[in-house]
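One structure is given below, represented as structure tokens, and several questions about it will come after.
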Amino acid sequence: MDFAPSPKMQELLPRLRAFVQTHVMPLERGMARGFWALQPELDHVRERAKQSGLWLPQVPAAHGGMGLSVLEHGMVSEVLGATPLGHYALGCQAPDAGNIELLLEHGSEPQREQFLRPLLQGRTRSAFGMTEPEHAGSNPVWLSTRAQLDGDSWVLHGHKWFTTAVDGAAFVIVMAVTDPEAAPHQRASMILVPTDTAGFEHVRNIPIMGEAGEGWMSHGEIRLDGARVPASNLLGPRGRGFALAQARLGPGRIHHCMRWLGICERAFAALVDRAATRELSPGHVLGEQQTVQTWIADARAEIDAARLLVLRAAWTIDREGLDAAREQISIIKFFTADVMLRVIDRALQAHGAAGMTDDVVLSHFYRHERGARIYDGPDEVHRAVVAKRILGARRRDGGSP
Amino acid sequence: MDFAPSPKMQELLPRLRAFVQTHVMPLERGMARGFWALQPELDHVRERAKQSGLWLPQVPAAHGGMGLSVLEHGMVSEVLGATPLGHYALGCQAPDAGNIELLLEHGSEPQREQFLRPLLQGRTRSAFGMTEPEHAGSNPVWLSTRAQLDGDSWVLHGHKWFTTAVDGAAFVIVMAVTDPEAAPHQRASMILVPTDTAGFEHVRNIPIMGEAGEGWMSHGEIRLDGARVPASNLLGPRGRGFALAQARLGPGRIHHCMRWLGICERAFAALVDRAATRELSPGHVLGEQQTVQTWIADARAEIDAARLLVLRAAWTIDREGLDAAREQISIIKFFTADVMLRVIDRALQAHGAAGMTDDVVLSHFYRHERGARIYDGPDEVHRAVVAKRILGARRRDGGSP
Amino acid sequence: MDFAPSPKMQELLPRLRAFVQTHVMPLERGMARGFWALQPELDHVRERAKQSGLWLPQVPAAHGGMGLSVLEHGMVSEVLGATPLGHYALGCQAPDAGNIELLLEHGSEPQREQFLRPLLQGRTRSAFGMTEPEHAGSNPVWLSTRAQLDGDSWVLHGHKWFTTAVDGAAFVIVMAVTDPEAAPHQRASMILVPTDTAGFEHVRNIPIMGEAGEGWMSHGEIRLDGARVPASNLLGPRGRGFALAQARLGPGRIHHCMRWLGICERAFAALVDRAATRELSPGHVLGEQQTVQTWIADARAEIDAARLLVLRAAWTIDREGLDAAREQISIIKFFTADVMLRVIDRALQAHGAAGMTDDVVLSHFYRHERGARIYDGPDEVHRAVVAKRILGARRRDGGSP
Amino acid sequence: MDFAPSPKMQELLPRLRAFVQTHVMPLERGMARGFWALQPELDHVRERAKQSGLWLPQVPAAHGGMGLSVLEHGMVSEVLGATPLGHYALGCQAPDAGNIELLLEHGSEPQREQFLRPLLQGRTRSAFGMTEPEHAGSNPVWLSTRAQLDGDSWVLHGHKWFTTAVDGAAFVIVMAVTDPEAAPHQRASMILVPTDTAGFEHVRNIPIMGEAGEGWMSHGEIRLDGARVPASNLLGPRGRGFALAQARLGPGRIHHCMRWLGICERAFAALVDRAATRELSPGHVLGEQQTVQTWIADARAEIDAARLLVLRAAWTIDREGLDAAREQISIIKFFTADVMLRVIDRALQAHGAAGMTDDVVLSHFYRHERGARIYDGPDEVHRAVVAKRILGARRRDGGSP
């Protein structure tokens, strides 16, 4: 057992940290101007990242990435997560990171050429269309969107929302029922749908927590009304949509957890700074209050705990594969989300009225990261998954001492 | 001991509930258009409220109000609080309600004529300027704003923020140090400052949780740079600013708590509706989940508990005055805020992704009511107040059995 | 709405409080010697209580009690609950109080003569045999104990545990299946079984949290092996066992809650005393710590909240009957138990090592009141009951605003 | 970074686990008979442990131990902690383990010969006398016990309690003020006091949570009334008592945390077993309840988190020494205690009434491990320690990003 990061990481992480602080964080204030206004500056930072060898950390070197293991990417991702713009700067932002993974593993050569290559270069963006407003996201096999083969085309009808970053995306990977008569988990397939397809409508960016957002920083609602794409746009085997989605969501969840650790540390630093500097009366700072000390100590303990759980899950994936880590992934999903929201809440409270304002990044985290307990499976589902696996194993193995 | 509302309330409350549901709630969707766009419709509802005898519930009948006791107003306020527009519709919205109280009790005849009368008629709005960005709000005696008597004028210099609803207000009641050499609690006074005074600057509406808002639905930052008002604009005795502010904050806090109970019930109803109707799979609703049942049961218990505490505090004020209820007021401040935020959080979680959107009122409450644990004294201060009073009483009375 | 106790209670409660402090609490230290050793002193106190008109508060005056309403008894019960011996001193201890109620409402004249009269006089004690080790208490219809009519006798076979105070009791009211073919809720009946019946075995007093106890202060395990009692020992109608048990448990639960409030106040007083007197360094007491202040403030708020909920439930029973209060009773059961255990825990923590010792009453409460979240229906069952009633009402009434 | 145990541990741990299950756990039921009755069987198991090379895991091989690192001992200690008798069986029980460490590091040759050697062989036991009833344990420099040099003897006067296992111990290491005029942290020294010294009185075993216990399973109160021991019984340098105590407490705390992990796993196994086997109705087990699933999932997450934090702290001690790990040790102290108590509480609740009985080990843990949040520094002190270190570091380093 060894808790020290590898020499490679000991070199990389401080360099990355400096990059983020120097080049990425200063752009945060521009977020209020909207994504489109900020994009040129972000593009500039991306160029600088590429030149510094800080591009696509999770992608194999053969495809132009840094070729990091899941564990290594976890450490990188925490550094990036400290700012809402960190992952975008290195080209590993959701939902593109997951889509890159899907195309790398399951894309045909022409699909890679048409859809993947520009994505890897950061010239396009993409989206993933799964969630539907009419059905509970916690029951993924319950889909209304349909795709029918008509000649050598798929014709799609359906309604999706929370299609992250579809505004301005080049294409959407759409989950659609292609085989309604098959067994429940074999009904759906993934289909690549360019956003300029006739019958594809980007209805709106959904107003979320007071902001509709735009571009990469938004979540869209879309309608497919007879959208027609070539039959060759099927991604992976027909009827394997759920299997692929599951394979995509596993690492997706761990990526979220890694990013959340960065948010935890950012919020923690804000809490400590405030405690150390805010005077309650001349010469007496907030950090002398025992309650604030309790917040600091609990936050430190909980963040460290979450980080170790997340890194252990990443290490398990690297050694034994995604399947062996499934229980761990569910655990870190609800545990880390919970820790993050509590750290943000304490940091906000420590800031008093200022914490409510958009003058500090905490209010951004407070609003937008509330979704962490919901997306990619609500807490309640992940807890049930963990318990059922444990109870199942217990039934197989018999009792305990 | 009797937990039944009086016959008067048993007649009034259902009538009020119907008014709110029929005339006020439908305007909520217009909030996205901003206060100024919504104002004509709100004015229309206010007219209707006046005609229905539902105007200024907390103001004595002699001044055109309904003359309710604090306990009665508590019950009314819960009904109004179910919508962010409820109190405005009846003219009892913060910060005007508190300012009306100040002017009724401490205003000179000319002050009442100039400032109070249009307020009571709903023709103007007002603001209250206490909090300063440079100093902790939990230490109210630490103020930088100064007012100096120059001839028969007060000349004010200072910087305030979280001056609620100053955007479009006719005047601000400003807390300013007038006697810097006096004892700490006797340094400040209240001064009526019309917003069209030269040297009064409304710097901005502060972006809070993603929204700067406007008009009554905003919190402003103001600067006073040599603003000059007549000496007669002093409200109450010189050097009594803190005493008056304290007297204003006491009922202000209980008014907040009453309003929060309305939010609790609104969020609870949303939780129950969602549980009863959202299908997780065909024929199976969310409310069959034991975790959701736990949320419902806990929320019901906690809301009922908070309501009884709030009504008891109101009853104590009616019978024994504000001073006798001080410990109770601190208790309901932190207890009710905590209950409210937990009920909102559970209701939001039950809504899944939809709960994050501005399509439901929960996300509005989630963001804007987070301040409940901060304004009018953070939780931490109120808890300390309660404990110190209890420990003080114990020291006076000697030990317990 | 009126939160003031009636003049009658304003006279009674201080008198009762003095009685408990003067005559009952001093006996607590004797609990370590065991119930049998303590009984003579307890009998002495009971005599004194009778002479002071403080006997059987919940029993109608016609039967020699004080004839208090449920609400009034709630207030009395809180005073008594401050010591583990309080209810015993006034003859209203569990499980006898519940059995008295059963016999008063459903006992035949001969049953009253034989079983009830000595109970009311405090000359005997009784027990109630429902829970079985083999079956989940949360599923009361699942019983193994059988009673068969053989001639004019009932012959009982079965196994019970947590038969409170059976050690030394004169009789047990046994729940037994008499009609195994009937509908599930109509299978069981209540049968009065004297403990000197052949075939009745008191197996042991169950060691609970380190103490088997004895006499009234114990929970027994019993076996019925062909115990034969007259057919006339059937209590209430045949097949109505569950209905009677339910009717018995309702007030039983509220009596527990009332008693718990007394424990809350006792623990709270211990917390405040410790905070006010324990020096952490010369001249500096524990109560200066903000964390301890937070415990005090939260405990005060939560106890007050629990008390108001309990008294409101009692008031509802008085006015509208037990059925109308069912949801409220479930709410106070889990809410008050939770508050009590948290208050005890904080008080214990404030006492440091001393809190772990049997030198203070807190460790007694910590151990024995942990059962509050389990007996008479675990928290989880009561929460589900509340939620299902709310969801059921919502389905009947349609949606909310 | 590597989360896999070393090959050495992969061999040792299953062997140890089998030893504990086969030879130690069966003795648990005998605990009700008391330590003295159980001792012969325990001695027998100890012999077997020695023969199996499982003796004194934390002691260097040169002194007859297994020579494990702190990290390795952590893993061993978790296995042992699953039963209250585990550490005793391998000779590494508190308080002897800490005393062994003190004597190994600071004992003179004669002290080692007289006191240490029989301890290592398991022929004697020892105690550590620090806590005094009159003074807060959280302020260790506030001691009343005095030792004065009189000729070549120390003469001791004082009063101690929570002197763990002093009943039957051969000697006590007593913390006493030897230099009352020195700086606060240099006033006390450690003195070896044989329990057969005249003037040494073992007053009683303190009744704790319903049990006074006896022998190794007890906590004593002692008085020193002119107890006279040779001057050579001073352990370590004069005036260095606090420094030594601190050095003793650091590893002592981590040993507790490791042991608690064993308790966590034992309670978790009990929770899972109960969930998997307890029928609520025929064919339906407790584990189908979502609430119970939540308990299982949360417990699994929290135990894993605590274990990783504890092992990381051990690893830090092995690599960088105790000082570098001080913040981590405080963190695991409050974090692990909290996790343990919550896991025990959930497991107990899942057992219903049975969980309250001494028929299951849970009620033992519930009572006796409540002290975990108190001894070796209450939670509140450790949280403050962590926060002050973080705030101190922040002041030295300047602000954060």
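When the chains are written out, they are named A, B, C and D in that same order, and each has its own residue count from 1.
The definition used in the following text is that contacts are C-beta pairs under 8 Å (C-beta built on N, C-alpha and C of every residue); 3 or more make two chains touch, one makes a residue touch a chain.
Since the model is a prediction, treat every value here as computed from it, not as a measurement.
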Contacts common to subunit A and subunit D (chain labels): B, C
Rounded Å distance, subunit A centre to subunit B centre (Cα mean): 38
Centroid distance [mean C-alpha coordinates] between subunit C and subunit A, Å: 52
Sites on subunit D at which at least two other chains make contact: 289-291, 294, 380
Graph class of chain-chain contacts, one of line, ring, star, complete, other: complete
In the complex, subunit D residues that touch subunit C: 32, 131, 133, 136-139, 142, 161-162, 206-211, 278-282, 286, 289, 291, 348-349, 352-359, 363-364, 366-367, 370-371, 373-375, 378-380
Subunit D contact footprint on subunit B (complex, rising order): 289-291, 294
Interfacial residue positions of subunit B with respect to subunit C in the complex: 1-6, 21, 25, 71, 82, 266, 269-270, 272-273, 275-277, 287, 290, 292-294, 296-298, 300-301, 304-306, 308-309, 311-312, 315-316, 327, 330-331, 334-335, 380, 382-388, 390-391, 394-395, 399-401
